[in-house]
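Take a look at the structure below.
By letter and in written order, the chains are A, B, C and D; residue numbering begins at 1 in each of them.
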């Protein structure tokens, strides 16, 4: 029995989201393993879904807690839909609604050769730095981001260290004093 | 008298003054060493500010992916190094959520006690440093003295003052020392005396009020949009505390209040943290009373290392012990996110496991990371002297923000 | 438990008298002077005849007086020297695997009577972070965190690479720590 | 003639010996020890000579020796001459201001009239304010010549603060001058021989204002905005090390002593004992039988009470230093121009009305 087949009834949040996107192909997969409502969406519709989650009165997701990326290069079989889409990366958003006190995890699988997705910085300003960190460490490009530069690493760093194909013991080229 | 001069015409066009660009940090007295502000100053007013973090980036995630699930604990100590136990508790609870085990009663109580002691230590440091940056050296030393006593308490429990490394998946490394309740009582009496002195020194002090009030304020809607959590969000008037919103461990059995501010400026953040120290003391006292006797570890050798005198004799336990140390415990496949109320806000762990002994993804949601991203919005157009208290009250912790 | 919210004091309205800085300065000076004279009286008493307990000051005269660490304290990891003169370590390498910064390296060998013992046991003092995972992993209670924290620093890094000779400490000295491990940390009733 | 020369030399030696030799280094120790005991700490007590550490007193000596041998660093691109001259310009005014301060009264020793003040100027008070305004040059030059953004900002702040508080300081004294009808500090002290004629009795608001301005002039907390460590690294003396750094500190400590001495002279009755006038003191000590001995004893007691009063005021300044947080720069300016200056003007008006209507009996 796979880990994501938890059965059980959908929470009101999940029901509302499923009902909203019933006809479209946006929702690839949903589960609520360990009680965390999770939906997996097409990367193209990320702005659409996020605006709906934020503006809908019943959902009212007003705090974007976390944006991060995950690299499933070595074990794509963890998530059921990854091998089907030929996806390697996955951008994960954790959003929380302060009024309704419920959470949701939105995931968007990305292909290895073009890890590009729309930025949600215009919906929640807190995404600004999170997306810069995802770009810095994973190389995921966020289209429409105000200033997508490295945040944790120095400018001259070559490569994206948290990718699975980046060896832990790799050395970086030495950079001398600039002036 | 502390109102900012409103600029209604473009100062530069009129006076062609050149902006003085200054680098404040990364090793500047006010930046505690790990952040650089690139300031464009027009006289004393900050025209443009760019915050540059990442000076304490040690590759936490990459390091954890090469460690077993149990070997990650010393690394979680070094995230918010002022309150290490809270990081440990957060990580341990996330993994326990993924595995599906719950720890015994006494262990949950001890986790709450040590977390609250660590939170007190973190708030003492933050408030003390805030007062120090404004020149009130004596107030800083009073809170450092209080912090020393709390750290001595934690040292008698965990074994170290700063990097506690106390919690394990499915339990704790050791039980509370004997006579701990007595020590707590005397320490808290001293802490309350110093707390009152600090409060009297600063809270109604006009100089302090003028420096802190109406500086770096943020509305509750903006606070939520910018991802504020913890004392900074509560100061903005939003009563969101993970210990109340999603009670974990035994927080639903203890009675404590959440301090909430109004305008979200520095003075509110200062007051919210000051009040939270008092609440933490109440929580610890109630926990010490309600705490039952009994085991502190899950009696299941697959997850938690068995007791020593059993394993050294019994070969079956020995096999489990060797496998767990060498390969790490085999956490079942899946992903989980668990949020804990850290000293600066919601400290979330998102882990993905592929069933082996090594994590695939070990993400820490740093509470002070989005808060610092809002600093330019809070401080643009204000004086350089306002940047210091605002930065202190946002309480950026290098280890947690840069990971 | 209903979420009880506590409004914090904003001190928005200061009376005119408080608008001027004088009462605040006097209140502040009262507190600092109160501390000053209590401590001064404590110092005079201590200087006169009574000694430490009269002193109200929190700090300790370090080299002369020192702070005794609690039993749970994790100091320098040391090897336990058994009563029979041999170390208890059987060179199983578990501590080597458990150590996060990988600062332990062991070369095992066998004695005449078939007992394993570490031919060479080096612990890199410059890398060690005193986390205590080696002590947990060791099935034989052979490596233990002593409460030794004084003069661990050297001027030369190579001196901080501890060989077996500087690591061995007789069992009696570590009785406190061993009792702590057997009772508080891994005792039977903790599980 | 030579006797007068000897007398003046003795007085100069006493004043500057006391000021530089005793008070300035002592204040270095007082600041550490008092702040330590106030903050539940022990404070410096390690420097020992043959095992004797008289509660840390040798620390000042060890500091001075250390700083003498420290490298005297002038940053690249700094203006060498100005950079070297600035500390002297900051220190000298603080010292010179002590010359007009009377630390004792008139005594006749062996037929010779001795007046315990180095320079008995008729414009004593004016001279002090004129000289102390020169100190601003030293600080501004230090800030500007260090070729460092932080010290540049510190120097500007120091200049603005010192000018605005000099104006206020001058005005706070005019009430006293009207009350004692003289600018000369010596006559002011003479008129305060009875306790009820002391300046503090009638002019305590002027004392509060004067004390605030004096602390601001000396750039100590809560007005140490020019050297605010947290904002401007170390303000105008960021680029100073070695002996030049010590001169800035010396200037600050000597200024503390000068301020205390001035307050004692203007408000607390100089060398007078509270309820004992000079004449009674001399007669009490057997003036009729041994006039020289009595005068000598009275002189000793006078100097002693003066020093005790100065020490009390230094203690108060030190406590303020370690209690209050720091102002923001624009608040310092606002306080100076909008609160202290108008308050001192109003006070002058009140004193004028008081004197004309006879409520304030002039001595």
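Here is the rule we go by: a contact is a pair of C-beta atoms (placed from the backbone, for glycine too) under 8 Å apart; a residue touches a chain by one contact, two chains touch by 3 or more.
Bear in mind that the values here come from a model prediction, so they are computed numbers and not experimental data.
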| item | value |
| --- | --- |
| Minimum number of chain-to-chain contact steps, chain A to chain C | 2 |
| From chain C, the most remote chain by mean C-alpha position | D |
| Separation of chain A from chain D, taking each centre as the mean of its C-alpha atoms, in whole Å | 66 |
| Distance between the centres, which are taken as Cα means, of chain C and chain B, whole angstrom | 22 |
| Length of the line joining the C-alpha centres of chain C and chain D, rounded to whole Å | 48 |
| Residue numbers of chain C (touch at least two other chains) | 28, 31-32, 35, 58 |
| Set of chain D residues in contact with two or more other chains | 38-41, 322-324 |
| Touching two or more other chains - residues of chain B | 138, 145, 201, 205, 207 |
| Pairwise chain contacts, counting only pairs that touch as defined | A-B, B-C, B-D, C-D |
| In the complex with chain B, residue positions of chain A that touch it | 3-4, 33-34, 36, 38, 62-66, 68, 70-72, 74-75, 77-78, 92, 94, 96, 98, 101, 103, 105, 124-126, 128-130, 133, 137, 150-154, 161-162, 168 |
| Chain B - residues contacting chain A, complex | 53-54, 57, 59, 61-62, 65-66, 97-98, 100, 224-227, 229, 238, 240, 245-246, 332-337, 339, 346, 348, 350, 352, 354, 360-361, 363, 365, 369-370, 372-374, 377, 402-403 |
| Residue ranges of chain C touching chain B (in the complex, touch as defined) | 1, 3-11, 14, 18-21, 24, 27-28, 31-32, 35, 58, 69-74, 94, 97-98, 100, 129-133, 136-137, 139-141, 145, 180-182, 184-191 |
| Chain C partner contacts - residues on chain B that touch it in the complex | 67, 70-71, 73-75, 77, 138, 145, 148, 155-160, 163, 165, 171, 173-175, 177, 197, 200-201, 203-207, 209, 239, 241, 244, 252-253, 255-262, 267-268, 271-272, 275, 295-299, 304-312, 318, 321-322, 325-326 |
| Residue ranges of chain B in contact with chain D within the complex | 1-2, 20, 22, 28-30, 41, 44, 131-139, 141-142, 145, 201-202, 205, 207-208, 210-211, 383-388 |
